[in-house]
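Structures incoming, each one as structure tokens.
There are two complexes below, and they share chain A, which is joined by chain B in the first and by chain C in the second.
Let's look at the complex of A and B:
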């Protein structure tokens, strides 16, 4: 939707930057200790005093939400960096070395791709045990196959181009060709793909935390906040609705920023608009 | 320079090179015993229709063929070092050989440059790995030499900011920067604006002459060939079918296919006269052609042309792959008997006679 895509992604970028600022500055905001119990009444509704209410242990929800945003972004962000490193490296290798190495990488990616993502995440956490490392590894393994495929497709079109042949005539070896010529040409694609990986990562992290397989209490993530509030849904719906809405907002913002980036980096799109 | 290369050996020598592509529809034979030799410093044109194997031959020279290409037989050597065939170099020696001997100029100058890099950096990268790096002149001088005026702007530019002609000049400068001994130019002017073609080609040939680099020019453009090259090699069906001095071959083509090509060339026709198209379609080979690949389209084909492969042999100062010109007497007399005319390669009237004959038949 190019006609209003620009405005939408700009608004999304502002929302995303706002959430990121909250995530980064969270511990220094004067909101109180997210883990302190009985600082207020139990299950108080949002009001002037308690902006987002309190939970069943009398904890203020606002600092817990900030911590939740922080956790969700942090874990998903770390996992996306891992995904980019792994996916770009394997994708470029699979494009450059056709043959058994490429087959191994591609089939491996296909196998991971075949699992429903949350099921795979639960399986992996069952191996690693609940906690941050398990969640990060799960996200990396779930997001990498798509990254490998996308980067490989982009690299395949680059390695066949004349300037790569020219570099080979110049005596360049595989390392130089991949790092100097192929990587810059697929970087844009990888960045756009990384934004989608970030939204998937946030969803997986929240899903695992909701199931109690992510970060353990008293640490909060948006998923575990929804989980804690779920029991009180009939009497204190804000405990579920607010973190749920924040999660939806964050994921939507990431996706729309990704769309905007894709349009901005697509050279052909720019030419058409001129 | 690579100490293992031989300065007196031909920079490029193929003998009976066979290359096939493995495709979903079976094997496709692109080179069917191609034989060719390019001496140091020689300017050679390689002409032929699309699919005749020119580009495969060019890429095979650096062992840069696509991964589905298979070397089936024959030999290819670069400056005396084998690239295909027994004792072929591989790995680091192959890379060193390419670096020291070869340069490429591509058809589309814009895709031949990396879109993510400024020209200056690309030109600097183009000569890395040479021992005499430090003594190389700055890239700005190289660009001045190839006739670019606004050098500092060009160096700061990305490839998409250059015109096709400028990009091709940069491509030529980059290819010659490492002082290769053989430059392979695959239709270097096909993607360039028509008014610049002549300039670019003249630049390419003169720069090659200045640095003493041999040039293998892959092209369709016979006019350009006539003006700029010393030797011409004509390819058909994956073989070199005629190779000799350019002026001689174009003035007195011997092989029926070369004759047909020259007859199809616009330029010398009188008003109202029709240009001769070559009838039929070029062959698609799946395996070795049993006879001469041109036989089905050849107006003078003998019975043996379809059943026996002609050999690549020296005939009167040039190389030919044709049963009508074996240098022997048997087939010549057969041809004479059939056509009622002597098939001497220098016999221009004969060519005209055949041209007329076909014209009236059309």
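Let's look at the complex of A and C:
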């Protein structure tokens, strides 16, 4: 299907695809080893030789940025897949079964939703310890309530329709009805909400990493690169500003592609929350 | 029950808020007690002897069944006793009182900036018709929505320190000591937090204002010869207020997380800094107490928003669907 967005959305799609290509192809790009120390002088400013400078250990920043983009998309992407699986399943169930099951799901989502999001993430990291698993679980728990709510709302308008009633009269079980009849009708909504969840996921992961509670060295995400560079901000601002700008660019591209998808698929009722 | 519509609405909101708070207290409590290895091992290290660990657990009452501990904790919380910091021995409520003014001032300033800048911009954007203006405001809005607060904050720190633009980029002066120095130190942190809020208010308010402005009663009022300023103040703002109040309540939730980032970045001795130190130092009593208080405050603010709807819009109060 061609992507009908306005100019801003189309430019964003190109930027996003470019960043994704870098993320996927990263390890095969001839940029050098992101972990190799003392390949150059320490804290060298961006120049013809070192395009994005070097860090305090004499590592070249460029391959570390590529690894950072890769990790940032990977962690948020994995978390969004978890969010979609959990949110779509629970959202459809809460729409199909009225009564205690639906009530439990909705109330549970409300309680999680009533938590300020970064506080919830920090609380979870207290349990899991700093690292990728804690970040992924946090993103899933922060993004799922909204996914449940939005998918449930979309499903409610489907489960009462004639073709679903006809399927039920024809003897189709709940699994078949939800997968064959309801899911295709709420997929667009879920995709748009998932795009916004991706940008929120990238914000949560990078926020945790910035606080030193996310990815731990020597691994790098865009947020942890900012965290590592923060001490050198006055003397080596490129260590903070370049990964920071890339992160803002990536999140903005995802948000604008989300806007374009929302308009293209004519989806209403999706929500953004940070 | 002979409650009127309004009273029933308030009572319902109060009950939901209390239930949510109770569920969150269970969540916070179990989160802290699910820490692998338990508190004693975390504090004393994996090589500590079982006797020493048992003594520590007994001292903090951690050897009793979890439901008993939870009820005990809840009973203390209800009387204002949030426990004692496992790091410094200072009561958590003392930390709360000492640090609250910093965070409250930060949040208050950020919220004021958001409203004072965001609402007029939203009205302007909602009334504007030009395509160019729309595209530009969308680009600016998307940037402000997307830029992470720690990136924006770092950028401000860099710009203001490198080019000596006249505002301090860190540290804190108590308000009572020197109000001017205090405000100058708070300016950049509050600005960092308010950019996202302004974008949120403009994005929501713009659509609400545009929708209301096209309604027939506005055309009627203008046709009657009422002045534009009067129409906007009396007809447009009141009707566009509800969605804006909703996003402002959401924004307060964001502020609580944003405060962690900003207090860290600008070295402000607020509550969020204490939560972060608590996580780093594995001081679970502090984390548990402060996160619970923050969640309670957030729930109350959301309830306040719901009650404000009812004040602004009689239809909500009388039980009609919004």
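Simple rule for what comes next: the second predicted complex is superposed on the first by the 261 of 274 C-alpha atoms of A that agree within 3 Å, B and C clash if a C-alpha of one lies under 4 Å from a C-alpha of the other, contacts with A are read in each partner's own complex, and residues count from 1 in each chain.
Methods note: contacts are C-beta pairs under 8 Å (C-beta built on N, C-alpha and C of every residue); 3 or more make two chains touch, one makes a residue touch a chain.
Keep in mind the model is a prediction, meaning the values are calculated, not measured.
**Student:** Putting chain B and chain C onto chain A via the overlay, clash or fit?
**Tutor:** Superposition result for chain B and chain C: fit.
**Student:** With the two structures laid over each other on chain A, which partner does A:98 touch: chain B (first), chain C (second), both, or neither?
**Tutor:** Only chain B is touched by A:98; chain C is not.
**Student:** Quick one: the Cα-centre angle at chain A between chain B and chain C, nearest 10 degrees, please.
**Tutor:** Seen from the centre of chain A, the opening angle is 90 degrees.
**Student:** Contact-wise, after the overlay, does A:11 reach chain B, chain C, both or neither (first, second, both, neither)?
**Tutor:** Touch status of A:11: no partner.
**Student:** Any idea whether chain B or chain C touches more of chain A?
**Tutor:** More residues of chain A are touched by C.
**Student:** Thinking of the overlay built on chain A, is A:29 touched by chain B (first), by chain C (second), by both, or by neither?
**Tutor:** Neither partner.
**Student:** Return first, second, both or neither, reflecting whether A:231 touches chain B, chain C, both chains, or no partner chain.
**Tutor:** neither
**Student:** Considering only the touch criterion stated at the top, classify A:45 as touching first (chain B), second (chain C), both, or neither.
**Tutor:** After superposition on chain A, A:45 lies in contact with neither partner.
**Student:** Mind working out whether A:169 is in touch with chain B, chain C, both or neither, as first, second, both or neither?
**Tutor:** Touch status of A:169: first partner only.
**Student:** One more residue to check, A:185. First (chain B), second (chain C), both or neither?
**Tutor:** After superposition on chain A, A:185 lies in contact with chain B alone.
**Student:** So in the superposed three-chain picture, is A:21 touching just chain B, just chain C, both, or none of them (first/second/both/neither)?
**Tutor:** A:21 sits against neither chain B nor chain C.
**Student:** Is A:85 touching the first partner chain B, the second partner chain C, both, or neither of them?
**Tutor:** In the superposition, A:85 touches no partner, neither chain B nor chain C.
**Student:** After the two structures are laid over each other on chain A, how near do the C-alpha atoms of chain B and chain C get, in Å?
**Tutor:** Result, nearest C-alpha distance in the overlay: 10 Å.
**Student:** Can you list the residues of chain A that meet both chain B and chain C?
**Tutor:** After superposing on chain A, no chain A residue contacts both chain B and chain C.
**Student:** Which of the residues in chain A come into contact with chain B in the complex?
**Tutor:** Touch list, chain A to chain B: 98-99, 160-163, 165-173, 180-181, 184-185, 187.
**Student:** Write out the stretch or stretches of chain A touching chain C in their complex.
**Tutor:** Within the complex, chain A touches chain C at residues 8, 107, 110-111, 114-119, 121-127, 129, 199, 203, 206-207, 210-213, 223, 226, 230, 233-234, 237, 240-241, 244-245, 247-248, 251-252, 255-256, 259, 272-274.
**Student:** Mind listing the chain B positions that touch chain A in their complex?
**Tutor:** Residue positions touching the partner: 59, 62, 64, 66-67, 95-96, 98-100, 102-104, 106-108, 111-117, 122, 125-129, 171, 174-175, 178.
**Student:** So in the complex, which bits of chain C are touching chain A?
**Tutor:** By the definition above, chain C touches chain A via 20, 23-24, 27-28, 31-32, 34-36, 135, 138-139, 142-143, 145-151, 154-155, 157-158, 161-162, 196, 250, 253-254, 256-258, 260-261, 264-265, 275-276, 279-280, 282, 284, 287, 291, 294-295, 298-299, 302.
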